[in-house]
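Next come two complexes built around subunit A: one with subunit B, the other with subunit C.
Let's look at the complex of A and B:
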């Protein structure tokens, strides 16, 4: 056994990596619970990869068979209902955890130098995760997903000049059809996972390289008192805490999947009216609600285009945040207030959409 | 920085960089162009449907509607309380959801973003930017026939 270990050690630098992790220290302070958000997001991503691979064994990506194959997974395949429910629940929890991670990093100002690229890769990863959600939503080929996809892919068509081409690129044709399903399937199981794995490796490597960021207020307090910020070793102390968090996460996913199995709904019918109460997944609700308030034309442009432009500018501002923030006391306070305003806006719009019961009639 | 040498003002290094850059750019373009063209779906011309059957006229009761295929797209047929038939495209001009008729409102309604049209297809409330295309309706031996206006 020890001969095998020596043989491996001579060829792969595992011992050096372990030693580095033993030397790495994680700061401890009153906000340090938010350090777990990224790890939990990563954990849900791993759950998605595993359950996604399992679903691939039975799922068939065509308009004629997709719904029936998911029905087969849910009703006939042993534990199929569990695997699919875990995939659906874990997807939602992953997006929730990613948002908690984003806002905690924003409020704790962890994006400051030298972590600009960590933040930027994280913003792209969030976009990819939302892409996973959008493409995965259609795959069961049910009524709600069909219309949500029709709306979602029609939004870019309001862009001047290239709009129609963009919509065709997304849909794989002029309309949402079986061709769109095949295209979304390819994006969901091949293109996005490929890009995501690469970026995730880069993101995690940077996190390991730079270590955890100490929030400015904690650093200032430590400097004033002359006492260093307390810390613990990454290996084993912090790793064990991470593992404990992941155990809680898997317990939560399992409980939700067992007690609230994910529904399948009605099969998509191209010649049925959009059902009342139609709405996208919860994480797109704030954007969906915004679209309802935007008038048909704004300043001579299509309303959807103006809204998409605003979303795009918001996304760009988020991406470039570490370069925009000059890292002074005032600029940090502005970021906190803007972040809080954005968060409040998203929560308020989501609440409005939920209260209206999706697209139901507004009296 | 180009070194003074027998190569003249261009310098061997910048020339090689130019060659390498052009080579890399050419390879990327040769890969990228077909990939982007491949991802853009080919244009399948839609058959210009002029007529479609709207099903049995006697089973469409007053103040109800029916959605039927008109070529590849849905069309909506409404029987008004007065008994008159109206037909129009069922694809909402806002973000292309399929609309329905609401008897309680006497209007065409889109569930996605609460858009509304009157029975001539005019967009009267909510986000839809354009009216729905209206079709002509006629009845032949209890079969509804809808047709695109010339």
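Let's look at the complex of A and C:
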């Protein structure tokens, strides 16, 4: 055994990594519960990879077979219903956890120097996670997903000059067809996971390199009192707490999957009229509702394009936040208020969209 | 006779306006309202005949110079027939268009009365319009299936028009309550029967007692075949009962009910039979099996619904339930055989399918229990693991704090 350990140690610096982690410490303060949001998001991502790989064994990405293959998974494959339900619930919980992680990092100002790249890679990862949601939504090829994707992929068409091309790029044609399904499948299981894995490794590496950020208020209080911020070892104390959170998460996913298995709905019919209440998944509802409120023409431009442009500018501001925020008390306060306003806006718009009712999404 | 002559004269002697036509309305004129020259010209812009290149002069006499004269009502069928009964001519415009309308019209009650000089009966323009005639497949046309009853009802719902001919003015209103009207007007099924489906369009005539079943058999083929092969056929002929109409009525045809089979006053069988007749056991068997099949299907459907609500797929059960439903429809058709054996052969198949559906529902509900038990077992392990982790974390915290406390003290 010892020989094997020595053989491995000579070839892989595992002992050094473990030693480094043993020396790593995590600050303890009243906001430290938010440190776990990132770990939970990562855990759900791993669940997605594992369950997604299992679903791949039976899923067939064509308009003629996709729905039937998901039906087969749910009805005939042993524990297929559980795997699909876990995949669907975990996807939604991952996106929820990613949003909690983003806003907690924003409010705790953890994006400050030297963590700018950690933040930027995190914002891209959130975009990729939303991309996973958007592309995965269509894969069961059911009625609501088909029409919601038709609406979603039509939004870029309002962009001047390149709009139609963008829409065709997304759809793989002029309309949502079996070609779109194959395209979305490829993006969902190959392109996005490839980019995501690389960025995730980079993001986690940076987190480990820089350690957990201490919020400015906690750091200031510590400085004023002359006492250092309390901390705990990463291994095993913090790791066990992370494990506690992951176990809770798997319990939650198992309960949701057993009591509320994810529905499949009706197969997409390209010639059927759009069912009432078409709407995207909950995490796009705020944007969907915003588009509803935007007038058809704004300053001579198409309303949808103006709204999309505003979303894009908002995304860019979020991405470059560490460079925009000058890390003064005033700037930090402005970021807190803007963040709170954005969060409230998203919650209010989502609530309005849910209140409007409708068929509801079926991933 | 004087009245008829007066009407004919009134229609023939139209009030002619400059460059147009205005028809005079008689006290009993058909519902086509007279129009002014401007209205006629405006309506003709959307007329199929205008699109085919016809003009006012094609139909109207121009003997009065620039003033058009409306044709006499009795002359209208033949006037239209000039083109519409001419195969050689009409195929230039539409090779698919039939040319037997006039031939059929002269056999109709309307046509026969018209031939006698009666002007109060319908002619072509009463149903199709005069100056804004639309193609029969145009959903706006008064002869499009969804509008036929309304068009016929303009005369046939009017007691003032029907009483002189000793006809009831109730059929359109009765039809409006029927299962056929619901199919046509509510579901938009244009294959559902309306007035012209049973009475004919151009050759409109009430079907007589012998031909009622032939009319119904246009759509209800199996029921008609079973009835003709049954002992009821000869019996109904003997007692002059109008076959289908005896149980189903004619215009106000309702969706058949299983409860119609039986001996009580509210049943159809009970109107003629009581339990003392020799075939009473057939009626009891049919009703008993229908009730049993209905109960089995309802129970199975509820079981499958419960399983589906709990998230378990019941595709096999749904397929079996569809089969049971199909057999129930089949069994309801087999009622028209008026015999036990052919009916029970089908109802038994339906019951077997309902049992299969029920069994799949039970299996699915068992699966629900299995999932929840599995979750309960997993929850115990998860909870145990969480407690263990919690204890370990607490101990680690204590171990970390003790040296600190000792240092501080």
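As a convention for this text, the second predicted complex is superposed on the first by the 357 of 363 C-alpha atoms of A that agree within 3 Å, B and C clash if a C-alpha of one lies under 4 Å from a C-alpha of the other, contacts with A are read in each partner's own complex, and residues count from 1 in each chain.
To be clear about the criterion, a contact is a pair of C-beta atoms (placed from the backbone, for glycine too) under 8 Å apart; a residue touches a chain by one contact, two chains touch by 3 or more.
Every value quoted in this text rests on a predicted model; they were computed, and no experiment measured them.
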Task = Would you check which partner chain A:179 touches, where first means subunit B only, second means subunit C only, and both and neither mean what they say?
result = first
Ask   = Counting only touches as set out at the top, which of subunit B and subunit C does A:141 meet: first, second, both, neither?
value = neither
Query = Touching A:89 in the superposition: subunit B (first), subunit C (second), both, neither?
reply = neither
Query = Should A:132 be classified as contacting the first partner (subunit B), the second (subunit C), both, or neither?
reply = neither
Ask   = Regarding the shared-chain residue A:283, is it in contact with subunit B (first), subunit C (second), both, or neither?
value = neither
Task = Could you tell me if A:303 is touching subunit B, subunit C, both of them or neither one (first, second, both, neither)?
result = first
Inquiry  = Looking only at contacts as defined up top, I'd like to know whether subunit B or subunit C touches more of subunit A.
reply    = B
Query = If you stack the two complexes on chain A, which partner ends up touching A:151: first (subunit B), second (subunit C), both, or neither?
reply = first
Ask   = Who does A:44 touch here: subunit B (first), subunit C (second), both, or neither?
value = neither
Inquiry  = Residues of subunit A that sit at the subunit B interface in one complex and at the subunit C interface in the other, please.
reply    = none
Remark   = Residue positions on subunit A within touch of subunit C in the complex are 71, 74-75, 81-82, 85, 232-233, 236-237, 240-241, 243-244, 247-248, 250-251, 254-255, 258-261, 263
Message = Considering only the defined contacts, which subunit A positions touch subunit B in the complex?
response = 147, 150-151, 154-155, 165, 168-169, 171-175, 179, 270-278, 291-292, 294-297, 302-304, 358-362
Message = For a test of understanding, state which residues of subunit B touch subunit A in their complex under the given definition.
response = 39-41, 44, 46, 67-69, 72-74, 76, 90, 92, 94-100, 102, 105, 109-114, 123, 127-129
Task = Name, in rising order, each residue of subunit C that touches subunit A in their complex.
result = 311-313, 315, 371-372, 374-375, 378-379, 382-383, 385-386, 389-390, 392-393, 396-397, 400
